[in-house]
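Here subunit A shows up in two complexes: once beside subunit B, once beside subunit C.
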Partner chain A sequence: MTAALRLRLFAYMLVAPVVLLILGLVAYPFLFAIWVSFTDQVIGSVGRFIGFDNFIYLSKSATFGAAIWNTITIVLVSDVLKLGIGLGLALLVHQALPGRGLFRSVLMLPWAMPAFVAFLTWRVLYQPLGGGINLILNQTGLYSGTIDWLGQRQTAMSSVIIASVWRGFPFWFVSILAALQTVPRELYEAATVDGANRWQRFWSVTVPGIRQVVIVTTLLSSIWTANAFEHVWLLTQGGPSDATMVFPVLAYYGMQTQRIGEAAAVSVYMLPVLGILVILATSLMMRREEQ
Partner chain B sequence: MNETKWSRRKLLGTAASGLALAAATSFPMPAIAQGKKLTYWGGLIFSDDANKLLVDTINAWGAANGVATEVVMINQNETTQKVSAAVASNTMPDALDVGLDLLMLLSRQGVFSTIDDLYTKVGDAQGGWFEGPAKATDTSAVAGGRTGLPFGVNGNLLLRRKDLLEPAGFAEPPATWDELVAQATAVNKPPVFGLGLALSNVGDANLQISVLQSYGGRIADDAGKVCTIKSEATRTWLTWLKSAWDKGLFPPGNTTWDGAGDNQAYLSGQAAFIANTGSVGIAARKDDPELFAASLFSPLPAGPMGRISPITPQSRAITKASGNQDEARALLEYLANPDFMNAYFSVAIYGPVLKAQESVAAFNGDNAILAGLLGLAKAGTAPGAPDVYNAAFADFSANFVVPKMAQRVVVDGWDFDRAMDEAQATGDAIYAKYA
Partner chain C sequence: MSNIARAALPDTASIARTRARNRRLLGRIFSYLALGLAALLVLFPIYWMIITSLKLPREIFRLPSLWPKVFTGDNFAKLLSDGGFVLAIRNSFIVSATVTIISVILSSFAAYSMVRFRYRFRGLIGRLILFAYLTPGSLLFIPLSIVMAQLKLGNSLVGLVLVYLTFSLPLSTWLLQGYFRGVPRELEEQGLIDGLTRMGALIRIVLPLSAPGIAAVAIFTFTGAWNELLFALVLVTSESQRTAPLALSYLITSDVLPWGPLMAGAVISSVPLMILYFVAQRFMVAGMTEGSVKG
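So, the complex of A and B:
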């Protein structure tokens, strides 16, 4: 055995524990879930291979169609709102304002708060009777009636999105703020010397400087939002009338019926889209590291 | 006044624990293998006293009999997920509390040991089993024997505010669903609403299956094979529901309530009527004695086809893979003893399953909730009845097809035919899976 081969084997031995760990903790459950989605497994049974039956059954369900539409809606609208709020606040805090350190900390509170507490608090705020939002509307005279924020189709989805955005925007804020701090000040000074106004400096210097971070943040946030369970579950359980049904909640209902194969199929349905997002996010992050 | 009641309850709990400990020592077990640990998964209920009593009793029994015990109390909403993971990973406890769905499913999969002799022994010692829980938990057809030892039944009772209803001229509970609406209408003065019934995607909303059935509607045919949800009887139920909705009898938010929505509505004084298993009564007794004193319990109302008031039996079962079969059987036999069960019933929200339990102090009529649960145990209808309670019915219920049909009508404004068509299509797909 040559010295080079021995060195190579030694290297493989060093990485072997990590590879085994990843295979055991990531690859096996992942592949097992895919396998289960092609079986009729229920609790306590191994299940038998049934091909695409679970997927066909799901695709014919009205609830499944609602879950697709709602998941896309929540992801897109949430991302746009989080981008707007996160970018706006990051630009504001990036200025030399008095007390901005405290302001930054306060803005991180929604992100630091456990999701369970955050969304139950929002649920209380949305209560039609005695809830904080209706109370404010009534007390200020803006509206004298009772709005059932979560219980009617017209307002349920927007209510869920608002709560979701509130909890998620700090991640965007802190990511964009970090990116802003990496943009060289000299670029702004050069642009100013060249006669660029505030908007032109933002468009020509700030945006290119933070673009990649925003793209990665968008991808990560999309993946997390699409996979998020607690915001919908704690606020509406997917109702009323499937108005806020999303994939993770649908998968949970599959578990409730004890049909593990069906529940796994719901999750596997999401895989292609999430897989593409994951690959894009990973490649962009790696490219950024190389740069 | 609060102090007195609290002290009495604490006294009862303490006495029960002491009794359990003393009784445990008088139940010596035959041929115990020493040095093993027996794991028991108990089902958490809305009574801290009952949960503590169960844990203390099992541990006291273990200490008295030289068996190391570990009791893990499981949120019953999460039992399915935990059992699912435990079965897959071969980490099931030696014995556990189990609801009817899981008992039937796991018995069919051969997860539980058959305990016919234990079932017979306990039954013979206590005057026999009530017919309802006995029939409902019979797993002989799917497991070659009985696998569950029933220990209590629960189900819905109608809870009403007499302080609102009696001044309005309603001293008696509503006998029919139409009477319920009439009484609810009379006291409906927002922010107090007449009907605190959930119409959301939670188990409480499946009460509407019973209402639908009492109007003659059926989920499936007599064989339990073909979904028959679209019918004139279902239309009649939808008419009843829509009429009540249009009168503004339901509190806002009830289409997205979670499992505690009706509890909160009643406890916060927003509902004159709710249907509940008794947990609200326990909470009111503890936190709002005035409300508890103003509350009355009665059976669910009837429809044109009679009263549909399903019982839900809870059982204890032994895992077939357990290495502590003898110990687990001895524990289950011990937990069925009248002294412990009387103490447990006094603080829990279960009705009796054994005829001799009818005469224990807990069911002497002093406690309105337990009196209602006794009536339910004796006269309640079988789970799912008049439909066949099979895997398809359980799947149908777990998908909240009936509450969703109600939501289509009251939230989305769909006409009855469209809502029934969707429910029928969903039901067809579900029942086809089990054909």
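So, the complex of A and C:
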């Protein structure tokens, strides 16, 4: 055996465990899920191929329609809010302010705590009786009634979005802050010499400097938010009457009713859109890695 | 006379200076106000969690208060005396630590192989790992629960460890590649000349030099496993195998909502992660921004 061959064999052996485990635990189940979504499998039986029946059945269900609409709403609204809040706070912390390190640490706390803890806490905050939010509103005199934030249709969705923005904005904040720190100071000075005002400097120097990071962050955050389970499960379980039903929760309910084929079809429905987001994100992340 | 007048009436340059200073001061005040408000909004839920865990039931429901009149350890006592939650925390530790150790070892090998050697399929493997990282659990939990049932690992911590590798291996491999690239090749070659094997070079040179990266990866893997709810909910059926998030999420599906003990559990579950965060914040934030880590 030549040295070169031995080296190559060594390289393959090092990478093999991870590749095999990923093939077995991610790639195979992924393909299996697609197959199952075309069968009438229930727990304890092998399913029959039934073509698109599951998908047709789902498309006629009102709950499924609600799940599509709610998932899109949560993703879009919380992306916009997280971008606004994350960018705003990153710009503030990026200034030469005494104490900014402390602010940065504090603003990261929601990211550092477990997601399930965050959403359980928000559930307690949203309680109509004894919940922190109603208490604050009452004691500051802003509102004197009792609002059942998670229990009524008008407020449930906004409440879920606020909690998930609270938990999710630090990721945007820190990513954008790191990007801001890579923009060379000279560019700002050059723009100032050219007579650009603060607003023009923001558009011609800051925005191009952080654009790449914002795009990747948006893609990743959309993928994660569309597939998040905890926020809805721990706050509302999809209720009241499907007002906050989202894809993953619906798939979980399908699993509980033992109709696996149908449950898998719920997840597979997301695949086209999700696939595009994942492929875009992968390409951008690989490109950034190569640089 | 003219000198006095000049001193009394500030010239235009100093007016401009004063204006600029005022504007800077104003900007500063605004910045602190905005940051202070944001910090308040971030801290209030955390404050509420801690304070609720220390309240008596009557101050939680009947006479809610922003600052409890009586502090009590009852909620913690109630939660811990049950035994179920202690077991759940223990299970969480076992699963998270095992996942972390396996991932760090296997993904160091894989990342080293992909960074140092050139071979066919390397690009493909890199893409596969990134795809696997971004493939959401919501797509995998149904087939994985079937697969685990077939392997007779359905209701077991071993099954959970295997399932958690689906997100921890791709993430750790992806992150470690970045860190290993930063280790100068010359150091390794020097080691090889001095008689180290390739494996020796990895263990004696590359790993120690990437220590901050390994720390970040270990923390992310541990946190990911510690926080996971959906897979655990689907796989675990018996109380003895529950993890901490699972045990707490079952508390809220009962009819009576035990807010005090629930928040006590939330506080206890946060402690290990908060300690990690304060000890290793620097590595974590760097790792998060370089590798895009959800947390």
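Observations, loosely collected:
We adopt the following convention: the second predicted complex is superposed on the first by the 266 of 291 C-alpha atoms of A that agree within 3 Å, B and C clash if a C-alpha of one lies under 4 Å from a C-alpha of the other, contacts with A are read in each partner's own complex, and residues count from 1 in each chain.
Going forward, contacts are C-beta pairs under 8 Å (C-beta built on N, C-alpha and C of every residue); 3 or more make two chains touch, one makes a residue touch a chain.
Predicted model only: the values in this text are computed from it and were never measured.
In the three-chain model built by superposing on subunit A, subunit B clashes with subunit C.
Touch criterion not met for A:Leu87: it reaches neither subunit B nor subunit C.
Residue contacts after overlaying the shared chain place A:Ala178 against subunit C, while subunit B stays out of touching range. When both complexes are overlaid on chain A, the residue A:Val232 reaches neither subunit B nor subunit C.
With both complexes placed on chain A, subunit A has more residues touched by C than by the other of subunit B and subunit C. In the superposed model, A:Leu7 makes contact with subunit C only, not with subunit B. Contact with subunit C, but none with subunit B, is seen for A:Phe103 once the two complexes are overlaid on the shared chain. Legend: residue contacts after superposition of the two complexes on their common chain; A:Met157 is shown touching neither subunit B nor subunit C.
In the superposition on chain A, A:Gln139 contacts subunit C only, with no contact to subunit B.
Of the two partner chains, subunit B is the only one touched by A:Tyr57; subunit C is not.
Residue contacts after overlaying the shared chain place A:Ile210 against neither subunit B nor subunit C.
Within the three-chain superposition, the subunit B stretch that clashes with subunit C turns out to be 258-266, the only such case among 258-266, 312-320 or 330-338. Touching of subunit A by both subunit B and subunit C, each in its own complex, is seen for residues 127, 129-130, 234, 255, 260. For subunit C in complex with subunit A, the touching residues are 28, 31-32, 34-35, 38-39, 41-46, 48-49, 52, 60-62, 64-66, 106-107, 109-110, 112-114, 116-117, 119, 125-132, 134-147, 162-163, 165-166, 169-170, 173, 177-178, 198, 223, 226-227, 229-230, 233-234, 245, 248-249, 252, 259, 262-263, 266, 269-270, 273-274, 277, 281, 284-285, 288-289, 292, 294-295. Residues 7-8, 10-12, 14-15, 17-19, 21-23, 25-30, 32-33, 36, 85, 88-89, 92-93, 95, 97, 103, 105-118, 120-125, 127, 129-132, 135-136, 139, 166, 170-171, 174-175, 177-178, 216-217, 220, 223-224, 226-227, 229-230, 233-234, 247-248, 251-252, 255, 260, 263-264, 267-268, 270-271, 274, 278, 281-282, 285-286, 289 of subunit A are the ones touching subunit C in the complex. Residues 42-45, 57, 60-62, 127-130, 146, 148, 150-153, 156, 234-243, 253, 255-260 of subunit A are the ones touching subunit B in the complex. Only residues 80-81, 83-84, 87, 101-102, 105-106, 108-111, 190-191, 200-202, 251-256, 258, 268, 270, 394-395, 398-399, 404, 407-408, 411-412, 422, 425-426, 429, 433 of subunit B touch subunit A when the two sit together in their complex.
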